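You will see subunit A twice below: alongside subunit B first, and alongside subunit C after that.
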Partner chain A sequence: MRCASPRGNLALALAALAIACMPFYASPYHMQLASTAMIAAMFALSLQLLLGGAGMVSLAQAAFFGLGAYAVHLLGRALGGPPSIFLSLPASTLVAGLAALVIGPFALRTRGFFLLMTTLAFGQMLFFVFHDTPLGGGADGVFIQRPVFAAFGVGFEVTRANRPAVFLLVNLGVLTAMYAVLWWLMRTLFGHALLGIRANEDRMRAMGHDVLRLKLAAFVLAGALAGIAGHMAALNDAFVNPELLGWHRSAEALLIVLLGGIGALHGPILGAFAYTLIGEIGQSITERQRLVEGLVILAAVLLLRHGLAGLRLRRPAPT
Partner chain B sequence: MDLAGLLAQILNGMQYGLLLFLISSGLTLIFGVMRVINLAHGSLFMIGAYLAYVLAGATGSLWLALPASLLGGALFGGLLERVLFRRFREREHLDQVLLTFALILLFEEARAALLDNQFHSVAVPAVLDFSVRVTAEFAYSAYRIAVLGICLGIAALMFAFVERTRIGSAIRAASENAEMVDLLGIDAHRLHTLVFAAGTALAMLAGALAAPLQSVYPGMGDGFLIISFVVVVIGGLGSIAGAFWAALLIGLIDTLGKAYVPQAAGTAIYVLMAAVLVWRPAGLFARA
Partner chain C sequence: MTPVLQAIGLSRRFGGLLAVADVSLDLAIGELHAVIGPNGAGKSTLVNLLAGELTPSAGTIRIGGHDVTGWSNWRIARSGVGRSFQRTNIMPEMTVLENARLAAQALMPARHLLRKLRRGDASVTAARAALSRVGLADASDRAAGTLSHGQLRQLEIGIALAAQPKVLLLDEPLAGMGPEESETFAALLRELARDHAVLLVEHDMDVVFAVAHRMTVMLDGRVLECGTPDAIRASPAVRDAYLGHGV
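So, the complex of A and B:
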């Protein structure tokens, strides 16, 4: 996977700094918008690990995202009060990762079209668990108690006034950490092995790599990262519903990755901000949001072959 | 457990399964011949149901809607293939997924703009609005029997077409080996248009037939789309016969499951699918 050049990383760092300074110059509304974009970026990054990393297209990614969000709710219900974020974040990561570990061995027996269909089906299976059973609070969703920033009696109180700024910084921190981990991971032997699978799976197998295990590791890690994104979404919105797990959201993440550029690690971040901005502009022009969304997707697949990250490339990205 | 109730559930299951066959046979053909995953297939089903609702409202009867959905579907599908899908022949699966996802959003928005976001019911045709008394204590809706018959008739026609005609053999050839079609000197473009038109027509007919059996509502295609994917995976991609048996199996499991073990019905078919993927990844009914 292509990573940003030193100059690109500098630009990303400057953008992060601009976001970190938003409490000084931006309205709460715009800070919330930036948080939404950053959560979308985390979610799309988790998919990019599969797609740009190992060449796997999955439509189950939203299910892991939704599990991460529901884990916050279920944990809060089990504890009888708002959980500490130091407990809920690992819980979300673990639940989503474990679900991926259970589904992965089945889904990853297939490739290409089959993988799409099986991940679609497994994702919908989890969707129906939350939609049809009372486990998560039913089909309409529930308001949840936000995790608190406290542990062992020491804590930091989030009020209605400082919430947008605090959440903005927390989301920025998590997104930065996620990007840094993936940036490092793609440079390790594991990352290179994934890229080898994306380029030619049969060759990797012939060379003696345990392809299924590598793919499973990527699938589980991507699931866990999606769970983190889901946790942050639950923290921000204080609301969960089954739609979080639905395949429409997975398709949205695919769109964000495509919009940003499949081969580039920073693509999902560009794509998520562009997508959020387009949605915001679309909403101010027309009430028909799906029309705007549909036309954007059509334009993206028809015209933007290498995504936003590819716009400045002189030649097409090596695949 | 009373026998009459069980019999009714079995008939319902078969009828649901046969409707699923109409949808998933198009899905599996489009995949087999064109190598396209059409996520908008469920939306085409929804369009058929809404067409039935509009035409039944205008004419007072469902009868016009059945040929209209079939012909309109064929024209609409052919147009979609010519204008959009042809450009995506050589593209990656991901691009096709996004294209068809965009179509779902646009179709939904068009439906909301032209009609509304309400639930609607469509009346059963007056001629068939009675129950057939099978035994002393068991009667079954005549319309449901008619749907069973129509679906079985279409299935038989499709088998005959695919197994006996020249175009049918081209379709089978394309499902097994896409390059073979080019080598045989068959016009792949025309074959694709035909297959996509047929698939669309079948999905829209299924929608029109299903309209009186359930409500017509926004996003009604979504559930059918996912179940159809399960049918296609279990039956084996590109296989009409596989889709037929898998659709019947899923229809029966889902209907009987909902009637007798409602807690497990939602997940049962996915468990079956997982088992098939492990045991016979090429599909339960695929030829060895």
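So, the complex of A and C:
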């Protein structure tokens, strides 16, 4: 998996700046749309660590996303009021990461198609923990109290009027931080080992790498990052439902990564914005939104072998 | 010489087939031990047993005196056993250097994993040293998949060397090579045996007899004969079963 070139990172930084300035020129609706895209980007980035990083295809990713979202709801219920984001964000990260730590050792004994199936099974098991149970609060979902930006009595009040702008900036901050962490991680020895596993897992094992442990570390980190994405979704929507954990959400994230490009770390960000945009355009021109989405993604995957991130003028050098 | 790797009564059964039966051998640093025999004699199975790729059905494997029987391949590799594969087994889309570097990295303690990879990293230094030893220093920045067949065979050994092992298990490193390349390779093997314990499985008898210090001849999974190249050449049993009478 490539990381963006210095010029690519500059382009990403300019795009981030354009988003950060949206409160000055965009409508609340468009700011909310950008937030939706950024949360999708966080979720897809978490999957990219597995897919582009170590070559693992997982359908359990949405379960960790959903756990992150439900952690906000359950924390609020336990506290009897809206939790502080400084409490709910670590809680979501921890819960999702721990779930991945429990599932990982079993699921990661398989690979390829069988990993797809075991992660599907574990993901659906978690789905049914929240589907129509007292814990989840019903099959149709529940409205939750948003976490507040406050700690120890000091805080910043989010009103209905400033909410789209505030959430836009918070989501941008979280997405940027997540990208920066993964960008650094892929440059460490750990990141290089993951790429080796993606390229030739058996050879890595024969070289002396503890492949299972490396994969588990990636799986837990990806789960925790998905939990962060889920937390941000709960914060934005003030609503959670069991569908957040469903496997089709994992499939959607796979589509986004594919659309953006498996071979590049920034692919999922491009993919998430493109996917959100396609959905929006599809909705405005037809009632068959999914059909438009499907056709565009099909065309993109067929025509762009390396996804949107592969659009470039020169051939990249070997890694 | 004390052996670094010892196999004692090693056997491996695949269903009804006894692929390796009661094989014992010692590998010591400074010695090149060649294993020869006809196809299906169990040579590759023996290498896979020693490398931890397969679990023995019976017998013991010791590395530096420690019992490592039943250890998985990555733990064996970490104990100082490097291997090359009969069929080239690399990361084709990565550079030659990265292929060798990942092997060097495998030996590093886990606490180094979150260190940023720099140009002067210990793993880079070890990989470069291994690559120059096998004669691939000039090709280190090329994608491994673009190497010629002979270079790929060199890379196989380079990967095994990069982890700075004490033992080298080389499974037909000369497979598919021309006579000229074979000669260069023979010199390399001789040179490697100076500071490693080398187990060589090879079909090219000219090379084997030129480089081996000790030889084991296998037939139907068993050790037929073990001794110096001269003793093997003179052995009537080996001549009847494998070498023929022209050698």
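A few remarks follow.
The working rule: the second predicted complex is superposed on the first by the 308 of 319 C-alpha atoms of A that agree within 3 Å, B and C clash if a C-alpha of one lies under 4 Å from a C-alpha of the other, contacts with A are read in each partner's own complex, and residues count from 1 in each chain.
The criterion applied here is as follows: contacts are C-beta pairs under 8 Å (C-beta built on N, C-alpha and C of every residue); 3 or more make two chains touch, one makes a residue touch a chain.
Quick caveat, the model's predicted, so the values are computed rather than measured.
Look at A:Leu254: by the touch rule set out above, it reaches subunit B but stays clear of subunit C. Of the two partner chains, neither subunit B nor subunit C is touched by A:Ala54.
Touch criterion met: A:His192 reaches subunit C, while subunit B stays clear of it.
In the superposed model, A:Trp184 makes contact with subunit C only, not with subunit B.
In the superposition on chain A, A:Leu175 makes contact with neither subunit B nor subunit C. Residue contacts after overlaying the shared chain place A:Asp202 against subunit C, while subunit B stays out of touching range. In the superposed model, A:Asp210 makes contact with subunit C only, not with subunit B. Residues of subunit C that touch subunit A in their complex: 51, 53, 72-75, 77-78, 83, 85, 89-95, 98, 101-103, 105-108, 110, 112-117, 121, 123, 142-143, 159, 163. Subunit A contributes residues 51, 57, 59, 106-107, 109-110, 112-114, 116-118, 120-122, 124-125, 128-129, 132-133, 247-248, 251, 254-255, 258, 262, 288, 290-291, 293-295, 297-298, 300-302 to its touches with subunit B in the complex. Against subunit A, in their complex, subunit B makes its touches with residues 31, 35, 37, 39, 87-88, 91, 93-95, 97-99, 101-106, 108-109, 112-113, 226, 229-230, 232-233, 237, 263, 266-267, 270, 273-274, 277-278, 281. The touching residues of subunit A, when paired with subunit C in their complex, are 184, 187-193, 195-196, 199-200, 202-211, 213, 318-319.
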